[in-house]
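Next come the structures, one after another.
Two complexes come next, and they have one chain in common, chain A, joined by chain B in the first and chain C in the second.
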Partner chain A sequence: MNDLDTKPPETVVDLRGVTRRFGPTTALDDVSLSVPRGTVFGLVGVNGAGKTTLIKHVLGLLRAQTGSVRVFGLDPVADPVGVLSKIGYLSEDKDLPDWMRVDELLHYNRAFYPSWDDRYAEQLRRTFELDSAKQIKQLSRGQRARAGLLAALAHRPEILVLDEPSSGLDPIVRRDILTAIIRTISDEGRTVLFSSHLLEEVERVSDYVAMIDEGRIVLCDRLEQIKDSFHCLTLRFDAPQSDPPTVPGALGWKGADQEWTAVCNGRLEELQAAAAEAGARIVGQRVPSLDEIFVARVGRTCPASDEE
Partner chain B sequence: MHRPITAMLWEVWGRHRWVLAVSPVYFLALSILSHAVSDGLIYGLDLSVYKDAIFFVLLFLASPLVVGLIPLFAYACDADIAGRESTFPARMLTLPLTTRALVGWPMICGTVAIALTWLAVASLVLRPAGMDVPLWWPAVFSASCLAWIQAMAWRPFGLPGMRILAAWGPIGGLVAVLGLGWGVRLPEVVASLLLAGTILPAFVVAVVGLSRARRGDVPDWQWLATWVQRVAGWFTCRGRPFATASRAQVWFEWRRNGLGLSIFVVLAILFLGALILVNRHNPRLPAGSPFRSPILLLVVPLLGAMMAGNGWGNCGDPGRGLAMRAFLATRPISGGGLIWAKMKAAAIGTAVAWGATLAAVVLMLLLTRSWAELAGPWNLVTGNLPAAQTAALVILGVALLLGGTWKSMFGNLFLGLAGRDRVMMVAASVFVFAMAATVPLGYFVLMHPQYHADLWSALPWLLAEVAVLKLALAGWALRAIRRQGLVDGPLLKRLLLGWLLAAAGLLLLLGWLLPAEIAPWYLLLPCVVLALPLLRISLAPLALAWNRHR
Partner chain C sequence: MQIHISANDGVPIYLQIVNQVKYLVASGRLAPGEELPPIRVLAEQLLVNPNTVARAYRELETAGLVTKRRTAGTYVSDAGSPLARRQRVKILTERVDALLAEARQLDVAVDEVVELIRQQDEKMQLGPKAGETP
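Showing the complex of A and B:
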């Protein structure tokens, strides 16, 4: 039944042709995605793109209407205990029970996970500066996020699923704690799947990135591969151009007259040849940021989270 | 919506429109029931003998119509009433209105609504049944109670739980005003005016309290809170990790639902106990009135269980709907484990509630020296039964009380576990329509004695058919549970075996206690099948899976 008993699969999360509709709205449209073991996998998209819906399918909180979801080779709906015991999850809402104290939250969670590490939990509690005797409802938004993160991490999960983890964390905590934790987990050979609005943050920690838009995966690859295949080119023409130039692989031009800039998808040599054929020469070339690639690919900006 | 009052009323309507829409239908059903029993004498049944009981039942059934308005207008439905913060919706604190207006409009609307509701209930439900209930002072008393509860709810407090304790102060004061009026035989108009006079101080207290809440001035009595937490720590898991996930989940369910039930039971015992002590020598009450006997306390656990049962299956977040919260849904525990924890917590709640109640009854019997009053009912029930059958009857009675309380708590578990508003609405509508249909049907049967013989002979068949239908549906549900692997096979077998043993035991016991000519086996068997919970328990894992994996 469990493939992991014999041979650990390289893919820990595997979605195949998953479609999900809520009434007339298609939240996920034929989504296929594989998250390799030991990687940090970033999901990016605008509000309502389908990131949380996708994560809920991974957790078994939503049942795939078509297609299949496998986590560690198991169906999270058919075997929730088998899947959830290996997952640490921090929800977007940080919906911890308000009435629990921090120490009660830890005691309660500890009972569910045989791999719970008391020393690590205490170390994290001190790092996050959480008072054991305080009730969850007495904590600030940022402290709640830290308490949720602590509960998700202390059993050393095989996969850490974070839905908008930066929400509620101030920039210092975000950089010093979240980033460090994500990298530590990845270094230990465990897997992180996280969604974020903050493309800069995703770019800093991710090995793989999937861009999701209107329920569809529009781009999914290794981050280096993505960065290698996109170029920000500035073209100069001898004469002013009234219309944007036509270069295969270019994703939306900005500029006017003689100078035009675009994020282009393709091999650099081919783009250079195409630019020459269009009557222009490349006067500027750099590797675009993930943010620029996202805007070029999806066609609109990714709104920042509440703190931004 | 050009006026704040319109907007505020619209919000109350919008938030509770289903309940407010169903209430008139419920009220109508009660009114029909009341008129049905108004003749007093129906074909050999002299209902005047049961006057007290009918009054109690009607009052019990009608009380949600009046009491239900209190949380609605105190904005306490989705709020943490035990918390320190005001229950007044935070979003409304930023409205461009004075605090007097914020307090005044819901207070005026609420007090008028609750007073009018009492007048309607008294005039169209209680009085037609022959109960000469007073009209005015209860209406004003309800309004005053609501105003003070609003004042207490909207005021921030220094400690968690303090609001609930503090609210007993003004409520007790209102009861004292009432008792005083009664004692000195004040005219109803004067008593009503006295009670109405307390609404203005309630308004002032509410304005002062909400002003504090509005400027974020929530008192924090940390020194006392630390001490309370230390005491509370004795009863919680602090410092004691759970041995298993199941125990942790039982603790979770107990803290979420059971603790509230225990607090309710204790407060209700205190309130009713005081009422009984006050009424012991009240010449206006008849000698056999239940309101002067400590036995009245026995209704507390059943009442508490029925109230707690409404929320026992709810896995959602207060104020965010019934959908299972992600925190709970992502704990690595099976649906069967979650339901088992709820059932165990319900069993603990039953034990605590009955333990406290029986202790209170014994104490009251000792205080009032009214042991002798028990002899009559005891002899009536046991008659000339031999000792063995008397013991069996006592065991059966205790089992019925405990089992009934437990069943009341998780009987409707599957409705809450489904986590969908529309399921709750359909269930509420079915209940109301079933009641509305049962009353005229029952009345029709009573009015037509020519059908009685046929109906009586058909009764075993009818019961058997319903029992078979129940078993068939339960079988389908159990098969679905097994197929989907929602409950572990061994646990399922243990539950089924337990049910069969309980059914066989109950059947044998009833067969032994009741003469065969009164209760033949073919009547007892379907009754036992229908009495013991099976279908609703079987539906619970399916409902939970439907909620957890949407």
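Showing the complex of A and C:
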């Protein structure tokens, strides 16, 4: 396992100033991010925020209109073989050749990857209870996802790239996916880049989180750092207030009269001082969940979270 | 080792692990000298990032609750018992603080609260049925 505190991270995926337009729509707007080796990097945003477009640039399926994309220092469009041989990829639609049987799918995939591990593939097939003789189109949604996961894992990729891996899946298959993520980084030096709108899962497994909204990265940092720099504060005033309090870093107040609550960005001491200056006492203080931070920062909920 | 993680309530996951291991030690469900699961095993069991488990173990080591034996694993410290007592008192103190805050909010005097605790304790000793709270 990679100890983040002692080793200077080496960048596996590097995007610099990537912009992508589809007609009048700007899908990615000046996106820069770095995925350090040996970490789990979670990409979060609502549907249509640009997560899949970003991942397609990493895979070399889309060419950057401006800016640069490097994966292991290589340009994935110019050198698809060099890049893709090191990537294990599971798409959101789990698009697999429907007409193939499970054993044919494995045989087909192993031809592309010199590092394909037959024993590991067989071990995963048994764990996932996939029937070799079954056609892909006969598989249930969950089994289809497991077949896709197997195909992404069996060549022991240096980076596992998962686009909305859990969407529409039952908890048991979601568990398999999280386990795959954890096992991948437990092995020295391997890296995971995944997108999700299930922030509870992202919070569980990520070292780094990037929030993307309307094609822009609005927040990108170590998850620990993000959790340290946001506070959910409840302020109480001696007299009813007609307007929300003014505290720098506060992201959307809820409440009325004497008591107001908000997720605030900043150092706690400074927020406390600002609250005192506004004439309020802090009566409640806790660490917000990633979901709450996302809602506060992006101003809307992810489709999967039903709150609000 | 039974630990339950919730990624919804905001408490950092490493801290949830630290707190629950402290509870397990304090309540005797983890005995001095007992080995904690290896980092990757616990990470897979809890479905959390192994770096998070590593951080929790580091914090527990700093707090003196566990010791690392070279590369052989992480064990509950032999000095667990006096620490455990202090830990138990600390846990209770937090509860008492919450209780006192609520009492003050409801305008109930401290003496009344203490009397109430005594009454409830007597009821509890009479058996679970008599101890039922409304």
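Miscellaneous remarks
To be clear about the criterion, the second predicted complex is superposed on the first by the 282 of 308 C-alpha atoms of A that agree within 3 Å, B and C clash if a C-alpha of one lies under 4 Å from a C-alpha of the other, contacts with A are read in each partner's own complex, and residues count from 1 in each chain.
Assume contacts are C-beta pairs under 8 Å (C-beta built on N, C-alpha and C of every residue); 3 or more make two chains touch, one makes a residue touch a chain.
Since the structure is predicted, the reported quantities are computational estimates derived from the model, not experimental observations.
When the two structures are aligned on the shared chain, A:Val205 is found in touch with chain C, with no touch to chain B. By the touch criterion defined above, A:Tyr108 lies against chain B but remains apart from chain C after alignment on the C-alpha atoms of chain A.
By the touch criterion defined above, A:Tyr89 lies against chain B but remains apart from chain C after alignment on the C-alpha atoms of chain A. Shared-chain residue A:Arg183: touches chain C; no touch with chain B. Contacts of A:Val77 after superposition on the shared chain: chain B is touched, whereas chain C is not. Of the two partner chains placed around the shared chain by superposition, chain C is the only one that A:Val287 touches, whereas chain B remains out of contact. When both complexes are overlaid on chain A, the residue A:Trp99 reaches chain B alone and has no touch with chain C. No residue of chain A lies in contact with both chain B in one complex and chain C in the other. Of all residues in chain B, only 80, 83, 226, 229, 236-245, 247-249, 251-252, 255-256, 317, 325-327, 329-335, 484-485, 548-550 touch chain A in the complex they form. Chain contact summary for the complex, chain C toward chain A: residues 5, 7-13, 39-40, 43-44, 47-51, 54.
Of all residues in chain A, only 1-4, 39-40, 175, 178-179, 182-183, 185-186, 199-201, 203-207, 224, 227, 232, 286-292 touch chain C in the complex they form. The part of chain A that touches chain B in the complex is made up of residues 59-63, 77-81, 83-85, 87, 89, 91, 93, 95-101, 103-104, 107-113, 133, 137.
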